[in-house]
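Letters A, B, C and D name the chains as they come in the text, with residue numbers starting at 1 for each one.
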Amino acid sequence: MKHKSPLQRFALSIVVGAVLLLASGHIDELRAYQGAQIAIFAIAIASIVLLTGYSGQISLGHGALMAIGGYASVIAQIHWHLPYPLAFIVGTAIGALAGFLLGIAAARLRGPYLAGTTLALAVGLPSLANQFHILGGEQGLTFDVGTAPPWIGKEFSQYRWFFWVCVTAALAIFWLLRNLLSTRYGRRWRAVRSNPTAAALSGIDVGRAKVLAFTLSSAVAGLAGSLFAMLLGLVAPLAFTLTLSFTLVTGAVLAGVSNLGGSIVGAVVLVAIPELSGSIAAHLGGSEKVTSNLPGVITGVLLILTVLFAPNGPKLPHRKR
Amino acid sequence: MTIFLNTILIGLNSGAIYSLMSLALVLVWRSTRVVNFAAAGQAILSTYLGYEAMNRFHNYWLSLPVAVIAGALISALVEALVMRPLAKRTKGTPVEAIAPVIATLGVLGLIRSLAGMIWGNTFLQYTSPLSSMGFKIGHTTIPFSPQNAAIVIGSVVVMAIFAAIFKFTRLGLSLRAASFQPEISRLSGVRVDRMRTIGWAFAGAAGAVAGALVTPTMFLSPNSLDLLLVTGFVAAVIGGLESLVGAVVGGLVLGLGFAFILQYIGSSIIFSAAFVILIAVLLIRPQGIFGARSSREA
Amino acid sequence: MLASRRTKGGIFAAATIAVAALVASALPAQAETGVTSSTIKLGITVPLTGAAAPGYNKIPGAMKAYFDYVNANGGVYGRKIQLVVKDDGYSPATTLSVTNDLILKDKVFALVGTLGTANNEATTRLVNSHSVPRLFVNTGFSGFADMKKYPTTFPLFPSYATEAKVMGKYLADNFAGKKVALIYQDDDFGLDAIKGFTTAGTNFVAKIPYSAFSQVDPTTAPKWVTALVAAQADTVIMFGVTSATAALAGAIYKAGLLGKIQMILGSVGSDGTTLKGLLGPLAPALAGTISASFLPSASDATDEYITLFKSINAQYNAGQVFDNNILTGMNTAMMTVQALRAAGTTPTRAKLIKAIETKGSTWASASLSPILFSATSHVGYTGYWFGKLGADGNAVSADGPGKYTLYSTDSGSGPVVKAAAARPAMPAKGLPTN
Amino acid sequence: MTLQLSNVKVAHGAITAIDDLTFTINEGELVTIIGSNGAGKTSLLRAISGLLPVEHGSMSWRGESIVGKRPEDLVRKGIVHVSEGKAVIPELTVSENLQLGGIWRKDRADVASATQMALDLFPRLAERMSQGADTLSGGERQMLAIGRAIVARPQLLLLDEPSLGLAPLVIDQIFAAIDSLRRSLGITVVLVEQNALSALRIADRGIIINLGKLVATGASADLMNDPALRSAYLGY
């Protein structure tokens, strides 16, 4: 993929998009929902790959950044009466702003200190919703984007429409990120990741590069949060827990961390693992204590085995390490 | 004034527990440069085993060593079976720093689910013979009971034992050397792999003490130590991750900080407060209060 | 804005129902989703794992036990009830995922007893668009009674606001002149309650909010006590979950204030068995605590429902200790069986909803409160009785076993009425014949 | 005939660091290994001490194969490696660094006497025992690194560039210490150096390698007097 021009990549995105969207007519609602879920996870994982894989910063708080994007979109719709595509853009922009502020603090921190700070953010931020009435408290705020527009066809189910929206957004984001990473910004981030001292010596403003990476990553996470809110139909503190942040980092590692294309694989795995462990558990059976905890056991084991045996994510073609 | 003193006592008590969990995380960080999210899982499993021991022996004090030994063994097993092979596989790759974190999350989920499978997702009572009634000073009862005293004394004893081991024994020197400079240590004859496992075992023991001491003041469920993991980690980061003293100070800062915020501002902002305390400390000292002078990469 | 959105949602919902009804009536021969000649399939989402699971995870087992009992006695018009249980870990995203499975893959006829406010909120769009009946949701959020937004949803339990309003009247009757403090969870649960207390005109010497996450932090409860002492409160209302309630009881006891500060518990955190288990050796801390309930005391041996449910529990749910959670589950299941019967021998989703609206208020239920279901209201119970807990955690009515004084009201601003509780007699052997 | 390497190959990933190297070092000899930057000297020492795996060939010490052995085990057989770059642990005190050298040894009395020997050899360390190693100067750190090796009672001492980055006066001190050490203890020393002349002056023999291959070996005097080698490898 390295050698393609932006235009070629654009054409590729269009083709992939067309195939996927045509395919959506042939899959059932459940798969359409999962497809939308995968697209959202892929965007969210890409935001972590951008941060961790390209600029070397670790975040355990991307769930909170998604919450910021999600809440911003919903508030834009409810209070500013914006149509939802604009609400998504607001979510992305507010995500970027939050990322910029966090990035300024984060640029000074390394490794585990940043991990700890973002972890505290992931735990602390969603509980703020209970503090401010405008955020709707524990039951959250509903986000209604309505059904598919009439011009697109009559028998267009809700989930199929979400699938379209999410896949389109994912393709656009991947196209943008790919192009961005092949510019000098991408090269700078890679330089900062592999050797911050050398990068600084060669005239790169390391702090600025890191803040920019954090801003961009948060913008993408904000968009993912907006789409997540659309899929759930609401934003609520319980929807953006620490578990979500952990899930995203897990997806990023399954994706290989420095591999943008791997994000999609990571997203598929994230959606597949609960389903897989659920069906294995259903087959094994047992007492209620056992069956309710079996999926957790299987997920844990799968996660450990995956990290042990494929720690660098999937082996994708076209990639040199 | 009474309220002020009470708040300090409450903060001291929770600070002691945070410190122990923070210590468990710092010990692992020092020995293998891994943030061990499985610490809460290991502690919960050792606490359940302590609970089993108490049901068998009908004696809390006999169940404590069982929990501690179990905690040490569980932690050593996690290191030897998962973390060591993983470290060898990821050495020099981009996921070197973050893959172990994911592995520990996997272990956390696995252990919690196993505990739910064995003991059920219910609240169990792991009780201590010590009274939970607050001490009486004159006519007022202070919010500090013999069990709270056991928590604080237990934490202090554990810290003192670890400090003595690290400072005065050859094992302690080997552990420190192995964590600072593994290669030089190996060339000096230190079995670094073994030191890593021992470091994890010590951490497991510290976590087990935390679990076994705090659980009698609340209840036991597969998730009952989750929150402690977060506070322990925040405390460890505040303290600087490297230093045992830092772990204790971080725990106390957070414990007292929470107590005063709860008392004077209100509880609903407590987790946002953790973030604010952390940011405030790190903005002044990005490597934590007792962080290493020469910063090391994660 | 909110109003216009609701209207729009209402029109949409009404249209959906109309279409659903049309489709249902146009295809009478076609069996309804989730119903075969021999089975009716229902679904529930509930946290079976995770921090929120303890206690709630006993509910589906209790429901299954009651359904098994009914199935063993002929089922519903010959059809056996199957309950598909899904664990959502209390995460709304997971609730939606597994509810997708329930509705689109398992193709359940209806959802029953789904738990959690945000969790039910997250599946609302799906439930509405497929017109899936959602019976007896397990949350006290008052919003779910809004028939326009939630046309197929039936809350059974009283809302937190109703509970607080009723409690306000109880306080005015029995604790006039006392210094009352309130501890509440600072989310919809507590805020709904504050609304209710405001309606009732209750004054507090202190209002102490706590974060839903902080209840297991050992720092929290002792701090409440210092705040209560500082405010010189002699009575404290606790609107929190069971673990927080236990922590408060323990802290009051430890501070030597038992008998000096009277605790009054909301229904959510008042399950005596769970509290006793949580408190362990501190269980004496519960003695004298007043609790509000809409179901009879789980320990009331004179109550015919309790006696029956206990025997069903022993036979079909072996090993589970009978408590409020089991009682709740069985009561919900019994209501469900009556709803299914009322939907007739060829049940459809539309018929089921209609049946609850038209006949639901007459059904037998363990609750001492009347049921207010009607074509214009989806509100279920609205009444409470107040009892005192013993050190064994069992609530006892002040009027003696089997006798309860009920404080009941409507879901709005109507007055609270105090009267001796009366409810329909239990059908023979607890098998509905409606 | 104590340290014997035959056809040894060592690789760093795809890059071959040592290629088909064969030589023998006798008991009690001080041999210096000379070569330009990147010749593979450090890799050679790391392979002998067990830090780097050997891809091919055999290595033995006193007749016993040391291929695939771990450094911590080889230390117990008397092979002690002072790695490149003032190998001390800055976070520990001087005393703790010295202690570390004998940490695996059971004979505590001998550890004490070996420590005393190290302190006699480097009296400046004795003055700084309770200081952190991070407070030492470069030369002192190198002394401490060698001192730690002495406490381990080496039979085969592997020294990697002990003169690197030090002032000429300090270098002389270090080399004098090495010379006196092997004379008093009779141990075998392999000294890797870029500072070829100083090394050859105290060495019995020199081995010159380039790009991982053996170029020449011979008595120090012979090597120093070979004009071709002098200009190509010894740099004077």
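Assume contacts are C-beta pairs under 8 Å (C-beta built on N, C-alpha and C of every residue); 3 or more make two chains touch, one makes a residue touch a chain.
All of these numbers come straight from a predicted model, not from anything done at the bench.
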Touching chain A and also chain D, the following chains: B
Relative to chain B, chain with the most remote C-alpha centre: D
Chain pair that, of all pairs, has the most C-beta pairs in contact: A-B
Chain with minimal offset from the mean of all protein Cα atoms: B
Inter-centroid spacing, chain C versus chain B (mean Cα positions, whole Å): 38
Separation of chain B from chain D, taking each centre as the mean of its C-alpha atoms, in whole Å: 42
Interchain centroid distance [CA atoms averaged], chain C/chain D, Å: 77
Between chain C and chain A, distance of the C-alpha-averaged centres to the nearest whole Å: 36
Multi-partner residues of chain A (each touching 2 or more other chains): 123, 127, 130-131, 292-293, 295-296
Where chain B touches two or more other chains, by residue: 112-113, 116, 121, 268-271
Sites on chain C at which at least two other chains make contact: 48-49, 57, 186, 211, 213
Chain-to-chain touches, reported pairwise for every pair that qualifies: A-B, A-C, B-C, B-D
In the complex with chain C, residue positions of chain B that touch it: 3, 6-7, 10-11, 13-14, 17, 112-113, 116, 121-125, 127, 132-134, 136, 141, 143, 145, 214, 217-219, 221-224, 226-227, 231, 255, 258-259, 262-263, 266-271
Chain B residues within the chain D interface of the complex: 170, 173-174, 176-177, 180-181, 183-192, 292-294
Interface residues, chain C side, partner chain A - complex: 1, 5, 9, 48-49, 57, 61, 87, 89-94, 96-97, 100-101, 104-105, 116-119, 121-122, 124-126, 129, 141, 143, 186-189, 191, 211-213
Residues of chain C defined as touching chain B within the complex: 48-51, 53-55, 57, 186, 208-211, 213-214, 216-220, 222-223, 225-227, 230, 243, 246-247, 250-251, 253-257, 274, 277-278, 280-282
Contact set on chain A toward chain C in their complex: 28-30, 33, 37, 78, 81, 123, 127, 130-131, 137-140, 142, 144, 158, 228, 231-234, 236-239, 241, 243-244, 274, 288, 292-293, 295-296
